[in-house]
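The same chain A turns up in both complexes below, where it pairs with chain B and then with chain C.
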Partner chain A sequence: MDPSSSGIQEPFDLIRLSLSERVFVKLRGDRQLTGILHAYDGHMNLILSDVEETIMIVEVDDENATAGPKTVNVAKRKMDMLFVRGDGVILVSPPSRT
Partner chain B sequence: MLIFSVFKTLTDQQVTVELKNDLSITGVLKSVDQFLNIRLDNIKVLDEARHPHMMAVKNCFIRGSVVRYVQLPAEHVDTQLLEDATRREALTQVKR
Partner chain C sequence: MEDDNSPPPPPEQQPPPPPSHTGSPTDFLKGVVGKRVIVRLTSGVDYRGILSCLDGYMNIALEQTEEHVNGVVTNRYGDAFIRGNNVLYISADEPL
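Let's look at the complex of A and B:
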């Protein structure tokens, strides 16, 4: 395997090719981030800059707690430079190339 | 090891650590180890009204595994250096 070629041979190569690009990160606890990826390691610890975090808060209505539509509240916040611990990461998605 | 080195370069800087129980602590990063355990001095809890039991605590040791995020001072992070170091570490991982 030639690691210097730009092809994707193993899953981490996809993340390596996303360095210095804006990525989407899905986390445990109904959280997601978008930010510019600057560093990662084998644990999927990440360092991102210009981060926007979105937290989904599902509110269950008392009357129809089992069925029916539930309202979803979205909380957003921005952070300059962020370290994200790898054990909370569910997926990292490279930017969509349009 | 790479992220450990990053934290070592940030010792004596002000950071905000967000824990998995939603507690956010700002303080001066005094030391860090290979597990990313963190020692903070001169700490301040962000939402003191929600965590009054933390008011008396002035410095603390945080177990790495309970950390969700650490907000870093952007002006003390060299992003170009980080990306190069990450690529270099990725190469050594592939060689094995």
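Let's look at the complex of A and C:
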């Protein structure tokens, strides 16, 4: 019962196949990263280079507090090299392979 | 008083047949590999896609993944690795 598409045996294979590729990383705290994956380990600690971090800052209007978040500010910053501690990682997506 | 007016036995409104998959959680997980699943994270975000594989930490590899927040598709990923500690449940999205 091999998965039809590719020879992925375990989830970490997805990460291994993404080494040296640009990956998308979703982090806790409404943060996202894109960067080139250089290394990872079993904790999902990551080493990324040429990183852009996107931080979603939700400002709830006082008057509309019950109507849900209305204002979303996006902050971005770039970093040359980054170590990401694994426990902050929610999702990693490799570049789309077709 | 004779109880000949007792309520009729319940009609053949039988419960649905028992699920064909009985067994351990591991058996369930083996059964859904390669199938469409819904993975809900503790944050409430849902990921719908085809379950490629998973491991003992419940790290998950999904294909053709859609990210749903409050029922709205917010992102799509060809492949996605989900770190297991974030997983609340894995639900089968098609008959097993």
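Just so we're on the same page, the second predicted complex is superposed on the first by the 88 of 98 C-alpha atoms of A that agree within 3 Å, B and C clash if a C-alpha of one lies under 4 Å from a C-alpha of the other, contacts with A are read in each partner's own complex, and residues count from 1 in each chain.
One rule holds in what follows: a residue touches a chain if its C-beta (ideal position, glycine included) is under 8 Å from a C-beta of that chain, and two chains touch if they have at least 3 such contacts.
What you see is a predicted model, and the numbers here were worked out from it, not measured in a lab.
Q: Just chain B (first), just chain C (second), both, or neither: which does A:87 touch?
A: Both: A:87 reaches chain B and chain C.
Q: Could you tell me if A:79 is touching chain B, chain C, both of them or neither one (first, second, both, neither)?
A: first
Q: Looking at the overlay, does A:56 come into contact with chain B only (first), chain C only (second), both, or neither?
A: neither
Q: In the superposed arrangement, which partner chain does A:12 touch: chain B (first), chain C (second), both, or neither?
A: Both partners, chain B and chain C.
Q: If we overlay the two complexes on their shared chain A, which of chain B and chain C does A:41 touch? Say first, second, both or neither.
A: A:41 contacts chain B only, not chain C.
Q: For chain A, give the residues common to its interface with chain B and its interface with chain C.
A: Residues 1, 3-4, 9-10, 12-13, 87 of chain A touch both chain B and chain C.
Q: Name, in rising order, each residue of chain A that touches chain C in their complex.
A: Chain A residues touching chain C: 1, 3-5, 8-15, 24, 44, 86-87, 89-94, 96-98.
Q: Mind pulling up the chain A residues that touch chain B in the complex?
A: Of all residues in chain A, those touching chain B are 1, 3-4, 9-10, 12-13, 16, 19-20, 29, 36, 38-42, 45, 47, 49, 79-85, 87-88.
Q: Show me the residue ranges of chain C that touch chain A in the complex, using the header's touch definition.
A: 33-34, 41, 43, 47, 50, 52-55, 59-61, 63, 65, 77-83, 85-86
Q: In the complex formed with chain A, which residues of chain B make contact?
A: Checking each residue of chain B against chain A gives 1-3, 6-7, 20, 36, 64-65, 67-74, 77, 79, 82-83, 85-87, 89-91, 93-95.
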